[in-house]
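Letters are used for the chains, namely A, B, C, D and E, taken in the order the chains are written, and counting of residues starts over at 1 for each.
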Amino acid sequence: MTHWLGPQEWQAVLLSLKVSVIATLASLPFAIAVAWVLARKRFPGHGLFSGLVHLPLILPPVVTGYLLLITFGTKGPVGSLLQPLGIVFAFRWTGAALAAAIMSFPLTVRAIRLGFEAVDPKLEDAAATLGAPRIWIFFTVTLPLIFPAILAGTTLGFAKAMGEFGATITFVSNIPGQTQTLPSAIYALLQVPGGEGAAMRLVMISVVIAMTAVLISEWLARRARTAA
Amino acid sequence: MSLSVAYRHAFPGLALDVAFDAPGGVTALFGPSGCGKSTTISAISGLMRPDAGRIVLNDRVLFDGRTNLSPQDRRIGCVFQDARLFPHMTVAANLRYPSRWRRGAAREMDRVVELLGLGPLLKRRPGTLSGGERQRTAIGRALLSDPALLVMDEPLAALDDSRKAEIMPWLERLRDEVRLPILYVSHSVPEVLRLATTVVLMEKGRVTHAGPLTDILSDPDLAPRLGTREAGALIRARIEGREPDGMTRVMTAGGPMLLQGIEGSVGTVLRLRVLAHEIILSRDAPTGLSALNILPTTVTRVDGGLVQLALGDERMLAQVTPRSIEVLDLKPGTACYAIVKSVSVLPS
Amino acid sequence: HADEITVFAAASLKTALDEIAAEWQKSHDDTLVISYAGSSQLAKQIQEGAPADIFISASSDWMDALQESDDIDTATRKDLLGNTLVLVGTGEPAAAEVTQLPTLLGEGKLAMALVDSVPAGVYGKQSLEKLGMWAQVEPHVAQADNVRAALQLVATGEAPLGIVYGSDAIAEKGVGVVATFPADSHDAITYPGAVTKSADTPQAAAFLTSLTQEPAKSIFESQGFTVNQ
Amino acid sequence: MSLSVAYRHAFPGLALDVAFDAPGGVTALFGPSGCGKSTTISAISGLMRPDAGRIVLNDRVLFDGRTNLSPQDRRIGCVFQDARLFPHMTVAANLRYPSRWRRGAAREMDRVVELLGLGPLLKRRPGTLSGGERQRTAIGRALLSDPALLVMDEPLAALDDSRKAEIMPWLERLRDEVRLPILYVSHSVPEVLRLATTVVLMEKGRVTHAGPLTDILSDPDLAPRLGTREAGALIRARIEGREPDGMTRVMTAGGPMLLQGIEGSVGTVLRLRVLAHEIILSRDAPTGLSALNILPTTVTRVDGGLVQLALGDERMLAQVTPRSIEVLDLKPGTACYAIVKSVSVLPS
Amino acid sequence: MTHWLGPQEWQAVLLSLKVSVIATLASLPFAIAVAWVLARKRFPGHGLFSGLVHLPLILPPVVTGYLLLITFGTKGPVGSLLQPLGIVFAFRWTGAALAAAIMSFPLTVRAIRLGFEAVDPKLEDAAATLGAPRIWIFFTVTLPLIFPAILAGTTLGFAKAMGEFGATITFVSNIPGQTQTLPSAIYALLQVPGGEGAAMRLVMISVVIAMTAVLISEWLARRARTAA
């Protein structure tokens, strides 16, 4: 493996995995919350909020990256607030995770929202008459019922995070071992004549990882279905 | 306990204006399809907010426009027309679901499982259950939520008679021992007669009559609403003693009767259901019949084919053809004998 | 009759070329269509049969690649422009020597373009190596995917210093030039241009030639490029 | 028409092995919750592929392991336990749905709408319908699919008695006029008795008895399976003429009877349902009773509290207490009088 | 408008709209078909097929664009086959539409698939007993029932198509009037000093268009819900 992959490339693989897994898992609660609000609540500005959530999909990644930079950078309004708390995104893998999370957010939210919309509220009503508090119902009835949608959203999000590049490199640049993810490495290789071979090797690795994730999610979904 | 319901609600096609009191025991909600029974159940259990009104259970205001208790706080166990089981949980997990928040009934688990024959289903998921199995699970789940009031929307419609017969006594026990009040929607008159103490008749979003079951049954105007084959009355009887062949002697306001297959000790008061079409009238005391119970009585009212009879201070209905009314010359005040073919017994 | 001349040009030339094209348009019927993208993308597209008449690259290696694959008319190849490599700092920094870089940097980041693949990054790395600072500086380098992104890192203050082209530094208000790298510390910075093999208009060669003449020359120079005669 | 069903299927908890013939008319599927009734319906309508077997409708092989007709090709109208209406269509669109592919019944639309009282609902969506309204729509939709066989899974359970009473005659007409065969799952014995010509009793995945309704009703062994209150027999009667007071004279195998509220011209043959617990036996001919119908008969069998009586070549059941059996000395061969309080009339 | 937007920018706006609308609509039938197969059919390779559909999400857009270039380019194996039939993608707006369609495909498919999975097959069974052929049932029962999911998928796809850039510029370059979409124009502006202002103007336009699409879709979904 180390023969076939240089140590730097190997680092990029591990970093990409770490960034994608953490971006996906850390953004999941937020995605669930936002999906729930969008699916279940009606309020003025609902449509605008929904549009806002779609924004990272609409904006060119470079723009998203730039906006992240001026917001979450050490000099940015949010970044400078968080820095004293020890939370730093600039030039850190955490920033790469933040970028990946934001870029995959609309996809995850959409899938989960579809799940919420398909849940029969009569089941939640029934649970309420059995004495369970709303929040308990949410975790014991609603969430398990939308498990397939959560799985779909997570898979989409993870795949997107594995492929994310434009916003990441603009926000946290490309520091080997810290912020050089697989797509950054691939991009760099494609910038030099004759780099295609090495790039394709990394692409294959990226594809294998994401495919594995998809297969696992399909398997989990099937298991949940047959159990029900 | 008492439940007092009064609410108004407007649906595009139907304006509901429902008001009745359920004094305790089992109250049956009765009425044609679409008259608003399920809506009433929803309003009481807190799943629908009516436009206006006041709903009070045991002095707790559940709803009055300002107050609107959540379903969680109402402690009303619901059995829905569609079972509404949690599809991702086994039957056992469905049954256990309320126990975390309503600890009172958790220890009843084993009894409920046995009673409803849920043992072999415990590990199954609702998706593979038959319609009746599903409804049984839903009843069990509601019973295990330690409710202050049980509301049931046609709970037994999907069950076969023998299963119904098994569950009935449990509902009766809830009514009599636990004194759990029940609001019961059903189209099955026998079910209602057996369980109900109060009947609320609804029509097109309005309550047309509400009152004790006995009043409705012996009222020639209301009785037909339950279906002619079901018209009849409830009379009280006290167990007097047992005969050597196992029959039981009881005393009614109209005199002694012999009944078969009765349990209960001497002194127990029973309610006897006497169907109008199972009474034969005779001007003379008949003899040599297979019917053992022949009660002297007086006609109090004649209304179409239904003859109301006095039995002491109680009233009974007999269904008689016009020709017989003429031949036997039945009119208010006529003394005659009621040959009672069979009765069903309801615990008092 | 009027032709359409399609130019595939490195994106960093956009401001200057747009202005030059507008000037050219005034005196010619031919329409100029310019597609700006990364040199690598454009080169690959030309190899795959893109309808480009002229290719202007931001570095010689992609032009070399096209020459090797026989996609350009070698006779028309010409190093059109030159540029300088400068060290920039956030705001209006004091002028200093290039060799002071490590001291100036401290624990901060040095923003560069990708040091192994994007030309500005490659030149920068060469200089730092030549000046013996690379090993010291390397752990601090933040590589952006292009010069503009590197410049932005400096402009927003995320990185106190950056290495960019002189032409980029001129126009960006948020940065100031700290020092200029000696021209001999790196390979010559050139922007080669050539007419492609598939070019179907004689006007292409004419436009290419005009780029090193007035008024193009002054426009390029005002943007900070040096124009090769 | 004839439907011949034989299939085997294994569920994790239950092995089904079902075989019966439905000769025509209405066949009732009867059995406790979870015995496999709905599964049988699915197998017949093609929604489930059984492990093995053979299902033949009117000489068309629907399934035999190799052949497996799609539900579309089977022409079997289904009314499901859960109505399964299309939620995105109005009631009218639901009703119209089959008409594109099954043109035969499309012109019945208006009649079906009126009959089922669907008029005011036509523009509504299923989401806002009450349970009964939904089921009525489902019945209408199935009727409008021009089926060769109608299968109904507890179709009337959610309906009130008056609505049931309205729909029943239509189902009877389907059976009698259109000769539309019906396979009917129901827990309601009165429904089944009124409609069914054949009864299939199921238990735990097996058919325990199948045969004409009359056989089952007059068999003291099988009758209790329908519930004691429902035991009784069907006897044939011919209309003989009408009395001035509107009563109808009919002739049965046991002699003449007078019935009220009967329609039909002289010569029409009726089926009379005589419930066991509505018959009183007397050794002597009784007089002066409000019951008009007293038939001479002979005891043919005594089985617990059920006494089988011969009425010419027909059989009737009477429910009698053991004491009366002893007092009246009832045993096979005893001649006695059956006092028939009331009968219900089913068209033949 | 034409004062505020240069003619070239105006062209980019129109082209982006055309490309996104056509990419979304033209890929929709395929997305529905693929979603149906993934939701309803079990076959060996099901998981792999699902992974393949996710691929454009996983791959860095540049790689997708590059693969498109060498496949559908005039010299590519598919491109050279299609060219005699008059179907040319290379360096045409059709190519931009192809790239946008492929990039948004996984998103559209995922949303629609969730819809298919949530449909109660008992309703389709009921329709079958009423005599309707499978295909008729699909169009009159299944599709209308998953309308919200189709809408969600289409909206996601359109938003993605409006924002797509990496694959497009790599595949069909950035030729004004032919392949220069809004994101490509934004990219080019961001590559030169002083281009930010103009870029932000285009970003705003892009955001407004996509937001409008989101709002329309929210409105349609609400209408469908209240009608049901």
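In this text, a contact is a pair of C-beta atoms (placed from the backbone, for glycine too) under 8 Å apart; a residue touches a chain by one contact, two chains touch by 3 or more.
Everything numeric here is computed off the predicted structure, so don't read it as measured data.
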item	value
Steps needed, at minimum, to go from chain A to chain B via contacts	1
Both-way neighbours, i.e. chains that touch chain E and touch chain C	A
Centroid-based (C-alpha) most distant chain relative to chain A	D
Centroid comparison with chain E (C-alpha atoms), farthest chain	B
Separation of chain B from chain C, taking each centre as the mean of its C-alpha atoms, in whole Å	90
Distance from the mean Cα position of chain D to that of chain A, given in whole angstrom	61
Geometric centre distance via CA averages, chain D-chain B, whole Å	26
Interface hub residues of chain B, defined as touching at least two other chains	82
Set of chain C residues in contact with two or more other chains	none
For chain A, residues that touch 2 or more chains besides their own	62, 66, 187, 190
Interchain contacts, given as pairs of chains that touch	A-B, A-C, A-E, B-D, C-E, D-E
Interface residues, chain B side, partner chain A - complex	45-47, 70-72, 74-78, 80, 82, 84, 86-88, 97-98, 100-102, 125, 127, 141-142, 145-146
Of chain A, residues touching chain E in the complex	46-48, 50-51, 54-55, 57-63, 66, 106-107, 110-111, 113-115, 117-118, 148-149, 152, 155-156, 159-160, 162-163, 165-166, 183, 186-187, 190, 196, 199, 203, 206-207, 210-211, 214-215, 218-219
Complex contact set, residues of chain A against chain B	122-123, 125-134, 136, 140-141, 144-145, 147, 227-228
Residue numbers on chain E that touch chain C, as the complex places them	62, 65-66, 69-70, 73-76, 90-91, 169-170, 173-180, 184, 187-195
Chain E contact footprint on chain C (complex, rising order)	6, 8, 11-15, 33-37, 41-42, 44-45, 48-51, 146, 148, 151, 168, 170-172
